[in-house]
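Read through the structures below before going on.
Presented sequentially are two complexes of chain A, the first with chain B as partner and the second with chain C.
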Partner chain A sequence: MNDSRWKSWLPRTGCLLGLVVVFWWAPPFHIVELNGVQQAHPAFDAVAFVDKFWFGRLAQSLDRATDAVVLEKAIRTDSKAAREKYGRVAGLGGDYYFFVAGEGRVVSVNQHEIALSLDADSSSTDVILETGNIFGNAVRDGTRLLNVSDFADSQDFNAISSEINRRIEEQVLPNLRAKAVVGAIVHFAGCAEVADEGTDLHPLLVVPVSAVVR
Partner chain B sequence: MMERLMETRRRILLRNSLARFQSLIALGAMLVAMTLLSNKFMTADNGRNILRQISVNLCLSVGMTLVVLTAGIDLSVGAILALSGAVAAGVLKNGIVLRHFHVMLQFTVFGAVLAGILTGLALGCFNGVTITRFGLPPFVATLGMFSIARGLTMLWTGGFPITDLGASFDYIGTGILFAIPMPVWISAAVVVMFVGVMGETKFGRYVYAVGGNELAAMLSGVPINRIKLWVYMWAGGLSGVAGLIITARLDSAQPNAGLGYELDSIAAVVIGGTSLSGGRGSIIGTVLGCVIIGVLNNGLFLLNVSPFWQQVVKGFVILIAVAIDRRNARET
Partner chain C sequence: MTAFHRLRNYGTLALMVCMLLTGCKPKNEAAGSTAKATSADGGPPKIAIIVSTLNNPWFVVLANTARDRAKELGYDATVFDSQNDPAKEATNFENTLASGYKVILLNPTDAQGSIANVRKAKAAGVPVFCIDREIDATDAATSQILSDNYSGCVALGQYFVKQIGEQGTYVELLGIVGDNNTWNRSKGFHSVVDRYPGLKMVAQQSADFDRAKALEVLEPILQAHPDINAVFCGNDAMAMGAYQALLAAGKADTIKVFGFDGADDVVKLIAEGKITATGMQFPKLMARTAAEDADKYIKGERNFPQKAPVGVELVTRDNVTKFGDYGRKADTQ
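What follows is the complex of A and B.
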């Protein structure tokens, strides 16, 4: 009885000892103090980065955005040529972006979007400002101000996009939603993300980074 | 009368031989056809390329073979692959912070590999427990795990890839040893190990027994639940290995890695002659199935066939393989 119990425990004990030796020889991890790690590799602060970007480079570049009326005409004439001239392709997915600014009259409002007409005498919708939850990388990639190769870690680059979207939801959209009523004039700047060439660009779906309602 | 009997016997022998070597015959025919159709096909570089491409599916399919031999199915292998790869990449890149103790566990490459495989084993174990303890059909249990693992991967990665994992880790997917890519060595080791396990161990015989006739196996004293639990654990663990290979090869853990891989692995198993009703099949057959799918994908790519048509062709190949399997099952 004792002999058989010994025999059944022998391989298990051997395995356990083997594991101890393997882990001693090649430890799966090292325990390091958190303070030391943080000093050696300070974590990327997306909030601070976007704060600087938002009030610095982005604010200064708003007047460099393509005029919405010009872009709208170019798209109507030849959307492919408009893409070549005014669009920006980022990443491998084939998505492209427009950085656009202009003035439009509110023609309709709902919970997730505000429809604008660029022509004062028309009631057709030319631009839709997204006012719901903001997803995607439209602003990060559409402004042409940020480049993934400038960041050592792609997760840092992705964190920037999340922070920009959060900032738009908190700082741009509440005021826009509160003041934009049908007939009001909205001066806007923002980015449009176009998934593929087959996407209908009438109206153009824009994520606003700035919106002033008159 | 005697002559007719002999003729029938000859015909049965021929049919059985054809059934036994159907994968090999199909592979031979494909190799000849692709060689004739493309002069780039039969080259050493392309051969290495095919082997590298099939290595991930091979790891998944070996695990899937065990599962299918017990008359089960595992729809979660692709999702487990993604989570295992993401866990390995995450702990390697960012470590694990234990704020309460003001320390951080900084993982080595060995630790990250271990974490990835253990993740796969744990999820496979969960599959096994839901199937054996709670009596859920494998289809439903692993479909649930598919969703759980995909969701956990998104939570772990935040929906973004984890990149820049370092040259030592990447060697698993991109390294070359004696002119053979590392993924090929890893998948070959997996194959050799499981050919041995299935052919030489009690566990291997029990797997066949459970799939062949579960009731008879139970009455013979085979611990059915324990065998099934181990089978799903192995499938999960091997998905973890596949996850490590693909993550290292791409130098990044993609949140949506392994989408649709479960179908490729089931296809390889079925094409390799393993019966979906369990009890019949082999690891070597699955290797042939993987090579057939690899050659098919590679050949169609070299022939500039659209990827959409490639899917259609692959679908038909699976249907034909299952139809042949059904016919064989009826006749034996």
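What follows is the complex of A and C.
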């Protein structure tokens, strides 16, 4: 290699080495696995939290749920007034919830629902207990027992919903589905989530947290 | 090397240095804001609106609505753009704290990374109200007005199953991985869709809530998986990018796109049957509430909920006529 060629390559090589050092010291980007990002999130034990909640505050609050007959009558009379008196709005606008308990006679059963009449002499459906996959935040937000402001990371609050729903599917629904035949009496407590002001609340769709069949 | 070549090389180098320096300069004031960072003594109290990015029409609506409502209430309001960069957000905080702003309305860049900025403001006696995106702390901001992303995506997930059925394949485009909204949306959606084993996610990639990145990310995925049934996007900007990629691939009629935000262009495409659904987040409602809370704070109110979730509504072709202008038409939320 002659002298002039060597001189022309030297600064280029120097620049290249310089860039390598700079990028090693301060890389312009990092490749991070998506799963890694989620794992880096401090672990919140939703199972343990819900375990304590389920057998503690939730179990103790079932007798404070609105009586289903009273709520049904209030909704028939004036659904807006019923919402204001018995409903819970979790934030600004959007969904609202009822926490309700009562006793009804099974009038029909299908794959995902059990229909109840609250009136012993009627075959009309007043309440539908959901018995399929449980989604959403009906129980977490409907009982008035949990508040998002107590959770620094809303992902933890949402994990509670998933765990409550899983627990309902595993611990409440199998027995209910097995025993609730037409004519059986079901004593239930649960929550209803109403997504839209215009939703027909008769019958009321309830996610059961407790159901005893006799 | 000739003198000309040397001169050209030095010129190029100088130009590059200038470009770098210009790029590094913080961009503090957004187009359209009318108040200056410093106002004359005795002028109206100043409110800063520090927004994660103005490179997305949804956030422009959020920022401008907060600014306009603050002005209606008699304040000198200025919008600052953090360009999705926590470092720029920190600079915006330093500037606002040094310039006598009374309240900061913040749309954070990072749930963890923005906490220090909020704490700095709190230590300086300046309350911070977060809008739309949260910070992972309950003792720093005065209040956080946040979309209920999880619930919104549970509803989207249920509609997704209705539209696609219980068998099919899909792609998910995630937002910024450091933002809680990204994961709340993804987890809400998966809390439903994962219950159907016949629905398989063939790819999940981040496109940073960005339209151009969504287009860039989806194109190679479509080459590898040309027979997918749907694309679920963590926001509407990415839904627009995904739709563009599908148009280019000639698959816009067969692959369904789902977004989240309620951006006007997506709402229009839902009405035309080109995008399947989105979740309306009500940015105007959140922004106005934040500005009104700031006003209440300045007037002495101190009792604010740490987190105020704002409901998200599912927008589909069946109910799209009720929505427009970043909210419901009837009440112009």
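Quick notes on this one:
We take it that the second predicted complex is superposed on the first by the 169 of 214 C-alpha atoms of A that agree within 3 Å, B and C clash if a C-alpha of one lies under 4 Å from a C-alpha of the other, contacts with A are read in each partner's own complex, and residues count from 1 in each chain.
The working rule: contacts are C-beta pairs under 8 Å (C-beta built on N, C-alpha and C of every residue); 3 or more make two chains touch, one makes a residue touch a chain.
The shown structure was predicted, so the numbers you read here are calculated from the model rather than taken from an experiment.
Touching more residues of chain A than its counterpart among chain B and chain C is C. By the document's definition of touching, neither partner reaches A:Thr77: not chain B, not chain C.
Touch criterion met: A:Asn158 reaches chain B and chain C at once. In the superposition on chain A, contact is made by A:Asp95 with chain C only, not with chain B. In the superposition on chain A, contact of A:Val148 is made with chain C only, not with chain B.
Within the superposed three-chain model, A:Gln111 lies out of touch with both chain B and chain C [touch as defined at top]. The residues of chain A shared by its contacts with chain B and with chain C are 32, 34, 37, 152-155, 158. Interface of chain A with chain C (complex): residues 8, 32, 34, 37-38, 41, 90-95, 133, 135-137, 148-155, 158-159, 161-162, 165, 195-196.
Within the complex, the chain A residues that touch chain B are 26-35, 37, 152-155, 158. Taken together, the chain C residues at the contact with chain A in this complex read 1, 111, 134, 136-138, 145-146, 148-151, 154-155, 157-158, 174, 177-178, 180, 183-184, 187-188, 191-192, 195, 204-206, 282, 285-286, 289, 305-313, 333. For chain B in complex with chain A, the residues that touch the partner chain are 91, 95-97, 99, 102-108, 110-111, 114-115, 158, 160-164, 252.
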